[in-house]
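We call the chains A, B, C and D, going by the order they appear; numbering starts again at 1 in every chain.
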Amino acid sequence: MPQASMPASDHLASRYQHIRQHSLDLIRPLSVEDCNLQSMPDASPAKWHLAHTSWFFETLILQPHQAGYRPFDEHYGLLFNSYYNSLGPQHERPQRGLLSRPGLAEVLQYRQHVDAAMTQLLAAPTTGLAELIELGLNHEQQHQELLLTDVQHAFSCHPFQPSYHTGEPPRAAPQPDGWLSFEADLYQIGHAGDGFCFDNETPAHRVFLHRYAIRQGLVSNRDYLAYIEAGGYASPAHWLADGWDWRQARAIEAPLYWQRQEDGWSRFGLYGRQPLDPDAPACHLSYYEADAYARFVGARLPGEAEWELGARSAQTTDGGWFGQVWQWTASPYQAYPGFRPPPGPLGEYNAKFMCNQWVLRGSSDLTPTDHSRPSYRNFFHPHCRWQLSGLRLARDA
Amino acid sequence: MPQASMPASDHLASRYQHIRQHSLDLIRPLSVEDCNLQSMPDASPAKWHLAHTSWFFETLILQPHQAGYRPFDEHYGLLFNSYYNSLGPQHERPQRGLLSRPGLAEVLQYRQHVDAAMTQLLAAPTTGLAELIELGLNHEQQHQELLLTDVQHAFSCHPFQPSYHTGEPPRAAPQPDGWLSFEADLYQIGHAGDGFCFDNETPAHRVFLHRYAIRQGLVSNRDYLAYIEAGGYASPAHWLADGWDWRQARAIEAPLYWQRQEDGWSRFGLYGRQPLDPDAPACHLSYYEADAYARFVGARLPGEAEWELGARSAQTTDGGWFGQVWQWTASPYQAYPGFRPPPGPLGEYNAKFMCNQWVLRGSSDLTPTDHSRPSYRNFFHPHCRWQLSGLRLARDA
Amino acid sequence: MPQASMPASDHLASRYQHIRQHSLDLIRPLSVEDCNLQSMPDASPAKWHLAHTSWFFETLILQPHQAGYRPFDEHYGLLFNSYYNSLGPQHERPQRGLLSRPGLAEVLQYRQHVDAAMTQLLAAPTTGLAELIELGLNHEQQHQELLLTDVQHAFSCHPFQPSYHTGEPPRAAPQPDGWLSFEADLYQIGHAGDGFCFDNETPAHRVFLHRYAIRQGLVSNRDYLAYIEAGGYASPAHWLADGWDWRQARAIEAPLYWQRQEDGWSRFGLYGRQPLDPDAPACHLSYYEADAYARFVGARLPGEAEWELGARSAQTTDGGWFGQVWQWTASPYQAYPGFRPPPGPLGEYNAKFMCNQWVLRGSSDLTPTDHSRPSYRNFFHPHCRWQLSGLRLARDA
Amino acid sequence: MPQASMPASDHLASRYQHIRQHSLDLIRPLSVEDCNLQSMPDASPAKWHLAHTSWFFETLILQPHQAGYRPFDEHYGLLFNSYYNSLGPQHERPQRGLLSRPGLAEVLQYRQHVDAAMTQLLAAPTTGLAELIELGLNHEQQHQELLLTDVQHAFSCHPFQPSYHTGEPPRAAPQPDGWLSFEADLYQIGHAGDGFCFDNETPAHRVFLHRYAIRQGLVSNRDYLAYIEAGGYASPAHWLADGWDWRQARAIEAPLYWQRQEDGWSRFGLYGRQPLDPDAPACHLSYYEADAYARFVGARLPGEAEWELGARSAQTTDGGWFGQVWQWTASPYQAYPGFRPPPGPLGEYNAKFMCNQWVLRGSSDLTPTDHSRPSYRNFFHPHCRWQLSGLRLARDA
């Protein structure tokens, strides 16, 4: 699956150490009990993320490729296999919060055990394994972001709404104006060239796009508040039928974590509950909300190919393509033409989820810095809101 | 929305009478109580279909366009408006079976009242209305098929599983072998030219397709039984994750209405419970089952553009493109590039459902004969099985 | 089970005819579709009540005791057996509304078939069967009341809320004041002497009661409205924990069928929606509401023994002991000391429901006139409100 | 509520210290994460039990009665108030497992803070408070038992089913044979005389009992296994209707925690999974199962008054009346005649739960030793099985 160039082994070893350490850094503000929280079936305890990512290295790299490797605990597969049916049965996902054992201390030992073996492995030439190791690292980075969004959700369920960070949250810069325009043509999208990518970004392929324009900046909290005040949640006219049913059944009046208070709106995040920053991108939207907003203002969500071309042509340091919020696209998550999942368990990494989910593009403030690129495809069910999910407008032009 | 040519008024009048009469013919085997059954939220009582289609003519044609038209009952909108929010509130869909009143006799009078006014309208030149009337007729035809699939479902819930038809079901001809191949190229799909279509078939537009082949014939019961016997429902390896979860939660082992009996498999249909005809196309599959089957045999479902090109190039009397079963495609139901829903209530006809559903192409044995074309887009949620839904294989080539 | 004296056969024959005819009278205001409605799992279609009561005679009397009796349709047991496991499997209760077949006309023929055989049976001496026949008649009377409360519920679900009766509802007389007092003592309750009773009223037995008083009249709508206005539904202080949870989960603010309108409160009943009659007894209360009301006013619900003694000593034409509303008691529905259910299927009539339900005493406006007595025990789950259920206060004295 | 005699203050102080320490002893085998587990809405985390029992002393004794007492944290009420509406709002019960904060260490500090203040209070004469303190201690003892049953349930949900205890479980002595018989008479039950009791055990009052016999010993695992093998779970004949529905819906085939293995039956408990001890009392039964068993063997459950007389007359060291398993009675949990809940918040301790629950009598192996007496009334909903609940037979005699 991974299309990685071969990094020199020592580079990879240092990268391994750095990324693995970063996971540990993330739990520093958390207590032992915090690390075991699971506040909804979609989320996992921080401890589980730490263990699962180690299981990934142990199961897919050390066991098949490291001679004499002794698993830390042969029963861990049942607990920390997420969804790989070809690797054995799995503890039920919604019950991960009941895994008090192994405790956090033991999970940290598990990580050390795996790291020791990986370090040994990385000390030798890794011909043939570099791609797999790189995949394991990118996998760990994905879980680093999930760990944070899952903690945020769990903290939001506590009556005291604790903060993960101390201090003041940074202020956002205003979103740029303007549109990028593209003529109708055959374009190429998907991952090409060197560097790591996931299988779902391949193969690079041609796609015919009609004339369109895509917004330079993201929809901001200011924009979105104006929409709420204009009755965006009050009438079904601009909503998808499934979206309106979803809204009605849950009496939804604003994005997740938003609260109207006497002195204005606030949002709960890793800095606790904070006043809404009008310049920051609107965040914690479902696909339904993002789509309804776009229709309300006479625009639409971009297709993922439209987004990808936009991102490639934009000044990447500008416009929030990366590093602010993930951006819902109009594209259902599907296989690219000619896509072949890799053989074996890694074929389950992405392919079997290509149904009922929508592609988000870009990356968020919580995404590890070197973990984004124009071809990256994130995906969630359309009702999901606990990720840092916002939107960017497009229109026929 | 409809892109109809202008049929001569007298042709339209005769067509109106013919199609409206056909709805009445369909309920002949049904009792008064049969006509009021609603066996699940997705289905509606036959009586409701009869009334709703009349309400459609009354509300969208007679009230705005026939001077002096007096509605049969001004309270009917609440009961028989299906989902048009712009036309007022609606009785809850899952409760349609509780509408004992108006009774069937009164609904038949309602139909006569509407027919009388429509006949008068059709006697005069219908300039400007022909398209709308044609839409009403196509709408009625859609409900004719739903009426039958809904009756089939209701009858399947009765412990005695009554038959709608008397006599023996016709035998199927064998499915043809062979594949149709297409080179990578820009193709045009969607409705172009004269003749009626729904808004969701427009605009005709270019799409780039990669090289592919599509099967000449449908997957048959024989094929599908072999798959069941080979363990198709026993292992998750070839299933989408959501599909496998769906299967597990409902302990599904075969298509809807299928039953393994001592002397072989049977299927319940409008002819009652009948032995499975091995040559007939596999039917009453969910998207999940169709997709899993295709993967199991090393193929895939066709995209809807691939299907449409196949249908246009095939011998239309051959291969079951039309008139046997609807065929699941790999395409999520979405707007075509440049699609604009019509203004007003008819904008709700199709557009707001373009989410979470999948396109089926072709037509079925229960589709009215003149109600199919290569650009026709039917759509259902991926778990739905009570329609006559089967599949045709495709593959990269 | 029944402790009936032996009525002369000709009296029984006439009684049979009269009661069976009354069931038919009850459906006169109903359409064919009305008769097939099932608006919730606890309720059954009117048609089903007509068939089930006939099945009871057929299965428990004609088949075992009438030589040469030919069942009308040997498959009916599956449809019309309510809950007698010893008599075979049963169609699922919540799906009774899907039994379009047999149609109403056929069910009426079924009744005639049974009636003809019963008439023949009753023409001969019925030694040994009179008790069983009397039970069948009392059973039919129970279903007559249920038929009406089930129709009322179904009609309440129709957006037009149709009336079962035409004309104006009768006005209630004011409820009498005053209390009846009883000293602490051993009393006897339960059915003793001649005349029919159900098994659950036996054996008559001694029970020790502490000093108490019971109210001469029922709680009226006027009383209950004052309670609502005083915040009866607004604070948990006087509610049982389960009752308050029930109230909260359903946002209940008033008895079933009550509605606060601009010009005052109304109640939906068999006369349609009518202004609340302040003198009429409060009705359509759950046990939770009845209990909370009693605590709020510093009283309590009577135990069923307390009620029975009250009813025996009261002027029976006064105070609404019978014929207005059923009255919740504080007594969980349980077997009397020494109770033995009859052998065979009739052992399932009452005994297996002696759990999780509460005893109501008296009878209602919808109870057939000769179908009440001081020892009669009606019972429902504590959340049920679609019966004519009200209350009478008691207190320690 | 408590009818306590006045223990000398120093006795009370020592008792306070002993009981409070025992709670801490109970969590010694548990990890920090174990202490935060909530495996179902009925259960609470061990940490929550530790905090709630402290909140009880703080809120009901220290705040009103200890001058200058400073609450440990004024926000704790929201978290650790269980169900006292008169003491303010409560965090939702099913979400207690999400209370990672305060952490275990902080909760232990909370206990010390409360203990310090209580020790000071107890050093002075406690006139007027002894009863309240005694109530707080009995309350803590109730939670000690719940803490253990809740841990057992949580551990049963872990794929590895960890043990709370190390070592081997003790072997049970055989249950004694024989019956105790009682003549029909007026008897007195309820708490009378000195010593602590809960309000629901009062007032002592007369009750008339019919002739009956009650078994000297408990139903054993051997007895219960014979019942399973004889088809006890296979036919509805001896089940209450609600019980059979419950069994069917959950496919229940044995008591909770029982498992049929190749080499015989096992039971999961605080010693982990262990072979079933045939002499031990059958345990982890719902009311439905206990009742069905009794009917199957031609007996019945005792009423709570019957049980209480039996316990008073039996050799208390014999027959498992106390200290083995709680014993389901046939008695719905209701107020005794003349019962008055105490004024203020303590009125919510017991009274509002007197609905939909059944009385269990005796005590279990997990009940603190000095926390049982013949008049003690425990109560649970009829489907509950995670307590140590068994049964003793009775019969009319």
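Heads up, the rule we're going with is that a contact is a pair of C-beta atoms (placed from the backbone, for glycine too) under 8 Å apart; a residue touches a chain by one contact, two chains touch by 3 or more.
Only a predicted model underlies this, so the values are computations on that prediction, with no experimental measurement involved.
Participant: Which chain has its C-alpha centre farthest away from the C-alpha centre of chain A?
Facilitator: Centre of mass proxy via C-alpha means gives C as farthest from chain A.
Participant: Report the inter-chain centroid distance for chain A and chain D in whole angstrom, where each centroid is the mean of the CA atoms.
Facilitator: About 46 Å, centre to centre.
Participant: Report the inter-chain centroid distance for chain A and chain C in whole angstrom, where each centroid is the mean of the CA atoms.
Facilitator: 59
Participant: Centroid of chain A to centroid of chain B, CA atoms only: how many Å?
Facilitator: One centre to the other, that is 37 Å.
Participant: By the touch rule stated above, which residues of chain C touch at least two different other chains?
Facilitator: As it turns out, chain C has no residue touching two or more other chains.
Participant: Can you name every chain pair that touches?
Facilitator: Applying the touch rule to all chain pairs gives A-B, A-D, B-C, C-D.
Participant: Could you list, by residue number, the parts of chain B that touch chain C in their complex?
Facilitator: Residue list for chain B touching chain C: 31-34, 36-37, 39, 47, 75, 78-79, 91, 95, 97-101, 103-104, 154, 157-160, 162.
Participant: Quick check: in the complex, which residue numbers of chain B touch chain A?
Facilitator: 83, 85-86, 186, 205-210, 235-237, 239-244, 287-288, 291, 330, 332, 334, 337-338, 352-356, 382, 396
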